[in-house]
């Protein structure tokens, strides 16, 4: 296999991981909660799109199904925060981690009930087509994934640093009480962040499902994406993408150059090494506690 | 030789100089107070003595030995105990357990005989408890013995923290704002306790305090700091009347302004 | 509420607070001992399973509940204990009485080995590091096929203690008693840790690392010790699990088991031995409860009993969500409240266990 093609397909995979990782980081940056169900959000978003557009289900046109799925996941994220996560105010991070892990179990079950456990592919116009750059033949799905991810990351970066709501979200994360006194509706801001993370997860899911088939357990990909987020630096949006790309690239190259059995081992080995030697990721964002 | 010698210590955080060439010595058996406006570097000095920070320059000696070669967890074993400005107790443990952690320095058992809970461990436990009961009696903590810290009022927590430091049986006790947030009566108790700690227990006290009334009633010597630098050293009265101190607290004094004009 | 008048320091040091409490626990122990005479073979197996999960739960509880270090990787140490125990018997021909404690020691050392580089990590970072360990262990078992049998797995031999054969299928009551003995020993060790300086230094590290340091507690070493004791106990549970399952491979100890173990002790109630047992009851009985209710519902609707994949985990997850939201102290916390209600009747107040709500301060500042 051509190294360049290996690179592009790894990069496309990495972008999906990066997008899921982006969801982790979004929620973490703004609310300090760690949403372990982010991978299951992605899975759910993919299934909603698939349920809306695939022939065997509702058969809506693709370009109607996609925004609907994104909005639906935004609503799911918002409601989840409003109904469940908000009541965890002031509890430790680990409690929220455990809660969202449990939530992932429930979401996987629900998806299995509705769409079954057989792998299904999303019927999308980008699946199975090719684009040519000079002599290079690339999958349209892979190119689309890379382009969409880039656009989304830049948009989110601008959003968090330039817009009022984005800055409010950051402020709310640093000190909830102070932000509340400054007139920031902390609770609603948090719910909006969860909605945003849900929408991003839906995009990741749609992209992932156009590339291959999915089943409810695909949400476990979230663990890999989580590794990516930590590798890149938890709390940094570019870091999440960087981590995702690293994980995406390390897999195909490890199986190509070392042995097939080692490919899924490498990301976690890297994660462990990063945690030991650079605990807060490549693009770190942590300070020491004052006493 | 002084008990504690802080020798020309400097600490920088990035570009900010938190402590700037500060030197002082605490004599055995005295109560020594650090005063100064917020951000003067008082708590930072405590954290330097506790080895939470590494000084950029200078040396800190306790009983003649440099502390800089020691890890933070080895400081208690030398005989230095401390409290924290924002109370750092073990919230999900009882008052008794908190005080018993203070006895950690005196632990002679290891994890193997503790797993088996040998008679030796039991006799050690009795010894620790006897020591802790003395502290409980001294600070009148009997009603709270079995209570969890998480449910205790602020004033009691402050006292428990002092008790935990005393359970270490230190030679030097560092008190970081022992009276902050306390009522007038509670502050008076603290003043009596500090007197007793010094006279009955023979423990040297170094404290940071804003309440000048408490400072002048208990301390033998006072060091005033501002912006990480030493301003004035002397008795409480001398320091309070030092023009440099007044200037640091309330800005430029009238006479000074007139003199400049 | 019972008031205990303490007349010596031993009142605080002893295992039981007063005679009545000791009598209750003795009665419980007697009941546990005679249980095989009261239950069917199938139920004995379930009870054994419950005890094994309780041992594993106590192992993790020492780390999470007492020392405050979250681990999402304890299935790895179940695996270490399980494989070490069987390989020591099969390859080196050691008797169970040697291989079993050695399996615990090996798992403990493995835990210390993992702890040394990770003691600097906090909260979520430690959780993700241990998660990585769990996933790596799964892969390593597959890669180390000559030793571990890879995905084909290994068979656990019949236990032989001085000629007394113990096999979970041939004589389940003996295997149950063996597990019970281990359980009681682990409980004793756990209690001993709690009432000695080590247990207090665990609590100190859990509640405030800075002040633990100021009290002379070596935080890194304490964490490593907690890891070691925790993973040693977990390793013992893993060894028993291997004998209980008969055959096992990498899938027996996958990441879901790690997660389930952590969720289990949270449901049971963090920070107490009781919590580990309550959690184990839920984990062990849930599949049975689901099977029974599915048969009942299926019978009523005339659809027969159909297996629904993921149902067990989903119900487990749902129970957990309910507990975290409404009873963060777990089943044990609820039990204490109910007991207090009856002890104080009619003077119980609703706010009795209410804590002041603390607003989230950033955990990025560590």
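Here are a few things to note about the model shown:
Labels A, B and C are assigned to the chains in the order they are written; within every chain, residues are numbered from 1.
Methods note: contacts are C-beta pairs under 8 Å (C-beta built on N, C-alpha and C of every residue); 3 or more make two chains touch, one makes a residue touch a chain.
Being a predicted model, the structure only gives us computed values, none of them experimental.
Most remote from chain A, judged by the distance between CA-atom centroids, is B. Among all pairs of chains, A-C has the largest number of C-beta pairs in contact. The geometric centre of chain A is 32 Å away from that of chain C, both derived from CA atoms. With each centre defined as the average position of its C-alpha atoms, the distance from chain B to chain C rounds to 41 Å.
With centres defined as mean CA coordinates, chain B is found 48 Å away from chain A. Of all residues in chain A, those touching 2 or more other chains are 291, listed in ascending order. Along chain C, residues 210 each make contact with two or more other chains. Shared interface positions of chain B, defined as residues touching 2 or more other chains, are 52, 84, 88. Taken together, the chain C residues at the contact with chain B in this complex read 9-10, 12-13, 189, 192-193, 195-198, 200-201, 203-204, 206-208, 210-219, 225, 229, 271, 355. Touching chain C in their complex are the following residues of chain B: 50, 52, 71-77, 81-82, 84, 88-93, 96-97, 100-105, 107, 109, 111, 114-117, 121-122, 125-126, 128-130, 133, 150-151, 164, 168.
Here chain A touches chain C in the complex through residues 32, 34, 84, 87-95, 97-99, 101-106, 108-110, 112-113, 117, 173-177, 216, 223, 226-227, 230, 234-235, 261-262, 264-265, 268-269, 271-272, 275-276, 279-280, 285-291, going by the rule given at the top. Those residues of chain C lying in contact with chain A across their complex are 70, 117-118, 120-121, 123-125, 127-129, 131-133, 135-136, 139-140, 142-143, 210, 255, 259, 262-263, 266, 308-311, 313-314, 316-318, 320-321, 324-325, 328, 357-366.
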